[in-house]
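Scroll down for the structure; my scribbles are underneath it.
Chain naming follows the written order as A, B, C, D, E, F, G and H, and within any one chain the residues start at number 1.
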Amino acid sequence: MEKIYSRPIGLKKSINGYCPGCLHSAAGKLIMSVLEEFDLLERCTQVDGVGCSANNHTSMDVDSIGSPHGRPCAVASAVKRISPETVVYTYQGDGDLASIGLAETMMAANRGDNITVFFINNANYGMTGGQMAPTTLMDMKTSTTPYGRHAQEHGYPMHMCEVLNALTAPSYIARVTCIDAANVRKARAAVKEAFQHQLDGKGFSFVEFVSNCPTNWGLSPIESLKFIKEKMLPEYPLGEFRNR
Amino acid sequence: MEKIYSRPIGLKKSINGYCPGCLHSAAGKLIMSVLEEFDLLERCTQVDGVGCSANNHTSMDVDSIGSPHGRPCAVASAVKRISPETVVYTYQGDGDLASIGLAETMMAANRGDNITVFFINNANYGMTGGQMAPTTLMDMKTSTTPYGRHAQEHGYPMHMCEVLNALTAPSYIARVTCIDAANVRKARAAVKEAFQHQLDGKGFSFVEFVSNCPTNWGLSPIESLKFIKEKMLPEYPLGEFRNR
Amino acid sequence: MENSILIGGFGGQGVMIFGQLLCYTAAETTDKYVTYFPSYSMEKRGGTANCYVTISDEPIGAPKAEMTDYVVALNSLAMNKFVNNVYSGGTMFINSSVCTEKPDRTDITFVEVPASDVAREIGDSRVTNLCMIGAFIAYTDILPPEKVLATAFKKLGAKHPEFNALNEAAFKRGMEIGKAAKAKK
Amino acid sequence: MENSILIGGFGGQGVMIFGQLLCYTAAETTDKYVTYFPSYSMEKRGGTANCYVTISDEPIGAPKAEMTDYVVALNSLAMNKFVNNVYSGGTMFINSSVCTEKPDRTDITFVEVPASDVAREIGDSRVTNLCMIGAFIAYTDILPPEKVLATAFKKLGAKHPEFNALNEAAFKRGMEIGKAAKAKK
Amino acid sequence: MPKIEIESEYCKSCLFCVEACPKKVIGTTSAVNSKGYQYAVAINPDACVGCAICATVCPDAAIEVYK
Amino acid sequence: MPKIEIESEYCKSCLFCVEACPKKVIGTTSAVNSKGYQYAVAINPDACVGCAICATVCPDAAIEVYK
Amino acid sequence: MEKVFMKGNEAIAEAAIRAGCRFFAGYPITPQNEIPEYMSRRMPQPDVRGIYLQGESETASAAMLYGAGATGIRAMTSSSSCGIALMSEVIAWMAGACLPVVICNMARGGPGIGSIQPSQQDYFMATKASGNGGFRMLVFAPSTIQEAVDMMYRAFDLAQKYMNPVYILSDGFTGAMMEPVVLPEMRSEEFLAAERKKNEAWAATGRKGAARSHQIGAGQRPGFPRAPLEQKNKADWEMYESWKVNEVEYENYKIEDAELIITSYGVSARIARSAVDMLRKEGYKVGMIRPIKVHPFPEIAYEQLDYNKLRGILSVEMSIPPLFYYDVEAVVRKRTPIATCLRSGGEIIERSAIIEAAKKLYGDK
Amino acid sequence: MEKVFMKGNEAIAEAAIRAGCRFFAGYPITPQNEIPEYMSRRMPQPDVRGIYLQGESETASAAMLYGAGATGIRAMTSSSSCGIALMSEVIAWMAGACLPVVICNMARGGPGIGSIQPSQQDYFMATKASGNGGFRMLVFAPSTIQEAVDMMYRAFDLAQKYMNPVYILSDGFTGAMMEPVVLPEMRSEEFLAAERKKNEAWAATGRKGAARSHQIGAGQRPGFPRAPLEQKNKADWEMYESWKVNEVEYENYKIEDAELIITSYGVSARIARSAVDMLRKEGYKVGMIRPIKVHPFPEIAYEQLDYNKLRGILSVEMSIPPLFYYDVEAVVRKRTPIATCLRSGGEIIERSAIIEAAKKLYGDK
């Protein structure tokens, strides 16, 4: 009998620190799986943002740099320029990438630094207890929008793929989700494509995962998938925004 | 005999600190002139970035806040929310607004804060001696791109109007220049429109001035206008990007 | 008189509510000094969650007591981790439904409360903690049971009045278990 | 021996070049200690620009001397601002083309150099500073004139060899003026 | 015959696999792992067709599939 | 008759007005202001038509126009 | 007044509001999240009508606070350790611009991200250098929630009085724990309006007919004409010196006959105090000096000791390397031995360790 | 070696490159712009082949440096005062992650934006708290361009030796002035390759068959397994204590028979030295103690003084309020009077003022 689906070898042999049903785990799993397929586990560096992604370094067995909150892209740009033979990627939440780190993200993209950026959009600050993020949906209640997110006061959800698409340099931009098997497969293909861009020296590649935060959304894992499908995806349409 | 063109009363009765032919002066003059027309000189607050704009507070006779480098939009957002009856606007260079302050600029825009932002794009860091800015043109030599700006190393010029146009909240976005009388008149109209948006409570309004830096460009004032026309404008097309 | 209590379990088991119900009751119905100190692991769910409660006649210096008079363990992880935090002569309450091997310490008393089983019988695993509180209060007499229950109604019933009956049932069953244990001592 | 010199003028008048030519010459052709300290106002153009030069046989403590042996003023603003920075007995060189009213201090010597006029005659206002240097060197004998001129050729002529002739002409005219003044003293 | 293996210590009981399996192979029992999670088990292993949907959706990579 | 007034102390000699004036009204002389700038002057005032182009382009608001 | 059982962070937030805080900007960071969260709920309420604004970062939040300060409204931010570090530049600007704002640091382990557990490793950052340029602030160090609440209330008045940021150096322990607390009275709308009115003499919210336009900026005193920076530095220095006379605050606890002094501040002092009590019960003549403000440092408290009588001083803090210790050492001037009892990195100091260290220093008894 | 007449900033940049610096990230700020500008020209040259990267801010530049540090390459950043303040959080991270980087502060007036003129108002920020968490760094304070160059050269070795950021606290004066300087030898490619190779034991540039993946992060020692934060804090403390033995550097100038000691550091000390010379010429028995590193503070220099002989100490710095003074005061322990001679806000201290203050303190002669 042949093993047709295995746990990626880049994952440590222990339970990780993410909550049950958190799709952070799913994204990490795909990244490890693609690195394994490309035989890059031994020549990659992961740059983690601050957020629930801080769990990564306890579960992923690759070289990694825990970066100051919001600064992974700046850190990764330096690492890649110094060590071009290393595959360098960041792993960041929406607070990290789209709020405190927005300038670093956009400027690395604008410089066309040859790095890959994974963006976990769960519409809140998961790690710190579910505060409003730039990506929080309209009317969504969070611990700092107790009365809901309202346009007048808080503006609108931030669409990072679309914003990055306004820049010249990025070479690959895609938005995916892991809510079901079909989407997981598409997400994996996007991760692969992104790394391929880096291997080909094409510059900045970016994959946004429309994700969940069952804990802070106050939903069961299954309910949270439904929420993604019904609420998140209409706001954050999936697809490839750029592939050159 | 009637005076048909006067020095705006918002300008102090002394020479300002800008270099000869610097269009910073032109932008400031237009802003003062529109504030005078709208009778807002007594109820406005100007938030200055750090850059050559630091000259403003010595020449403009309105309430003003000198803001930490890059943070005018955050400062202005707070001021406007606390004091909605005040017309609040920022005045920022490209280093200030599009580099160190990129996150603050974009997030104020994304929140739709009811402020007006004037952006002086002179393709370098004027105040500090002409270093590369995000807006520096391709192949342009600056004091930190001694061999020219090259895509591979430095990426591409940043188009702030276009980037902001990828956000939902902003209500007015325009790019103007002051290289000749016709353009000065259009620029003034844009300044007026921007303030009108704020007076109407429509949210974030943004006017980019394609400007010059004769000193650091190493050109005479007249040559610098030619450079804008021939090199800057093809990269930074003028026009209204949004007006709702 | 100072009573210090350490409550430990998994996140989601109602550890914090346990501690807070004691504290609110003490703070709002007595003149005692009361402190509450929560301590989470990084993970929000699945991780460990503990809290420290001190109820005292005098100002409280160390709200996170190294050694406490009582430890309440809602799972075996907490039981094993905190068994040495009980003062000699103190008491450890264990959720015996899930804590199978009792640690061997002979200088403290163990009160076994099959709280998870009770909750399952009552029909909602979320009332495990109320059962433990019932047992704890009945055994220790630290606070009047009716006051604690009233606090539970006030704090937990406000949002979910439908839980009041379940909570009360669990609390009462816990009290019985606590009383029985006390009688034995 | 320590010689301290303060050069002042508008940005764009070649103040910094004046100072640097002295310094490079001293540093590269003598064993002396040399320091150069520039001081700009905020504006890049049109603002004031000054620099301090010290050439000494011993290590230099204060590269920005409060009082100097010599002040060179390329405009009247600098002249009036710095006239009191000259040690009693010291010398002030003024660009007499633009400095009309000489300040009244009798304990120092004024050397008037119509440098802007000379430059205009030579055909380029940018050589004003070279004329001043010529006068300064001829009057003070601080450095050998041919070395200073060689430095000018090396530093300024590298990018713009077409200026060498103009610079030399200005320098020489300045020297004549300086020599004449020296003869008078 | 296709089969799945669930590493109970990695499972967090999110139930994604339970929901996703087209053959209703997976469920939970009262058993919990060391972290207190009621882990998933192949309660109906014979129905498994080895489609790997469960493993694909399992965020925690707790499932391996054999065919 | 239209005329312009240039406040010499505000002028930085950028020459924008000189370049822009359709009637070649403006030029410079050897005179400098207190900042050392060779300020602009109406050297040919009678030609002025009061179009205010010079004032419009003067970044330093040194020109006022009467008509 | 009524006692309420509250979480430290929430009590602090409510105290700020009662003191008249009507603007809060902040960015999430554990262990102070309940402060912004509380503010986001509370500010819009009809009895407050204040503004909660979530910054896109600590830098932006501080800049928002800077803007708020420039309007003359009572305003604050809070964060924790690395988040406060990220505010350094703007804090220096606020001090440079003489803005009456309040900054609250619910400190955690460090350096950098450190740990989310409570710590006192920011002592130097708070008392010596929260940014560039050598400015200083009044730094309160609450030992209990009640004290935190009272300090927060006073902080706004002091910020206004001195036209300088006031700093609350608390910690994640005090923020996360709960305790009964008496909340201060809500400042009246009239009072706040009057204060705001006063500030119109310099606030940059539109000139409104003022003789001079108001310009706020680092290096300028609000409402005063521009002057050389050195002049402002000097005026600031004079103010700091005046604090040494007027703003020193500390507590002596059982020191009269003490042969051993435990000295500590903030949450450590709370624990140390109970160690003093227990040591006293065992017959040790132990007392405590507790700076209530850690800047200005209460040198006088240590000067007044009778060093002939002392066996030593035990300096207790949750920081390794010790930091508070250096200020103690500087004032004690080797007149008696100083020992330390330390924890760090988020570990909470144990009373038993303090007792042990005290006994050791006390010597044979 | 040949003397060249160079601008301080450029000499510093060249010295860094000769010491093996192969990565520079920075953001423009006066008065240190010639450093990044020089780096942008020099790094791409064939004898260097290093990387110049302009950050989008000081925060980003510091983060880039953090990333560079994590690769084991020799790397630095430079900035000035408020720019350095903006790096605080990341500097704390670099200390937390034990990265061997070099940070250069060409200080200017403060607080906040202050002035672009030289100043020494960042003394506390540099020596006591460049961020959160109580970490410390070796802090060099060059007095001349030559010294700045030599220190810069040594800084990289020391950063590597201690696996801790090293800080150069210079100022806009030293950066902007020009002086003849002897540049150190260019470190060989072989030496640098060997150093880089050593760092592969912990660098995070791809696992390459290592037994354990390498993880860099604040709170972790590179190459070591994860341990509790407190343990790391303790190890850091031990390192800091070891510096007090091994890294103290200061200069005594004409102190043998001195009855008055002038003490000063950095650019002020340069000016003070010439004041000493002039005072000596007038017959005053004056000497100078000059810390060469300002952290660890050279306490021993002041301990070795014969206080019976002294009329006093004059502490000279370009900072109001005085900061360096406090370290002097702490070690002098009231054994002799201390006076200050200060300027601030970008004003440069005058030799005449030092002389005057010294004479006053010296008393009748």
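Everything that follows uses one rule, which is that contacts are C-beta pairs under 8 Å (C-beta built on N, C-alpha and C of every residue); 3 or more make two chains touch, one makes a residue touch a chain.
This is a predicted model, so every value here is computed, not measured.
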> Starting at chain G, what is the smallest number of hops through touching chains needed to reach chain H?
Replying inline: 1
> Of all chain pairs, which one counts the most C-beta contacts?
Replying inline: G-H
> Which chain maximises the distance between its CA centroid and that of chain A?
Replying inline: D
>> For chain F versus chain G, what separation do you get between their C-alpha means, in angstrom?
In response: 59
> chain A to chain C: how many Å between their CA centres?
Replying inline: 40
> If you average the Cα atoms of chain B and of chain H to get two centres, how far apart are those centres in Å?
Replying inline: 38
>> If a residue has to touch 2 or more other chains to count, which residues of chain H qualify?
In response: 56-59, 82, 89, 93, 97, 112-113, 217-218
> What positions in chain B touch 2 or more of the other chains?
Replying inline: 18-20, 66, 68, 99-100, 102-103, 107, 129, 134, 154
>> By the touch rule stated above, which residues of chain E touch at least two different other chains?
In response: 12, 35, 37
> Of all residues in chain G, which touch chain C in the complex?
Replying inline: 3-5, 116, 173, 176-180, 270-275, 277, 348, 350-352
>> Help me check something: in the complex, which residues belonging to chain G touch chain B?
In response: 22-23, 25, 51, 53, 55-57, 59-61, 63-68, 70-71, 73, 89-90, 93, 97, 204-209, 213-218, 220
> Which of the residues in chain B end up touching chain H in this complex?
Replying inline: 50, 66, 68-70, 95, 99-100, 102, 125, 127-129, 131-132, 134, 143-147, 154
> Within the complex, which stretch of chain B touches chain F?
Replying inline: 1-8, 11, 14-16, 18-26, 29, 178, 180-181, 184-185, 220-222, 225
>> Considering only the defined contacts, which chain H positions touch chain G in the complex?
In response: 58-59, 81-86, 88-89, 92-97, 107, 109-115, 119, 121-125, 128-136, 217-219, 228-234, 236-237, 240, 319-321, 323, 326, 329-330, 333-334, 343-347
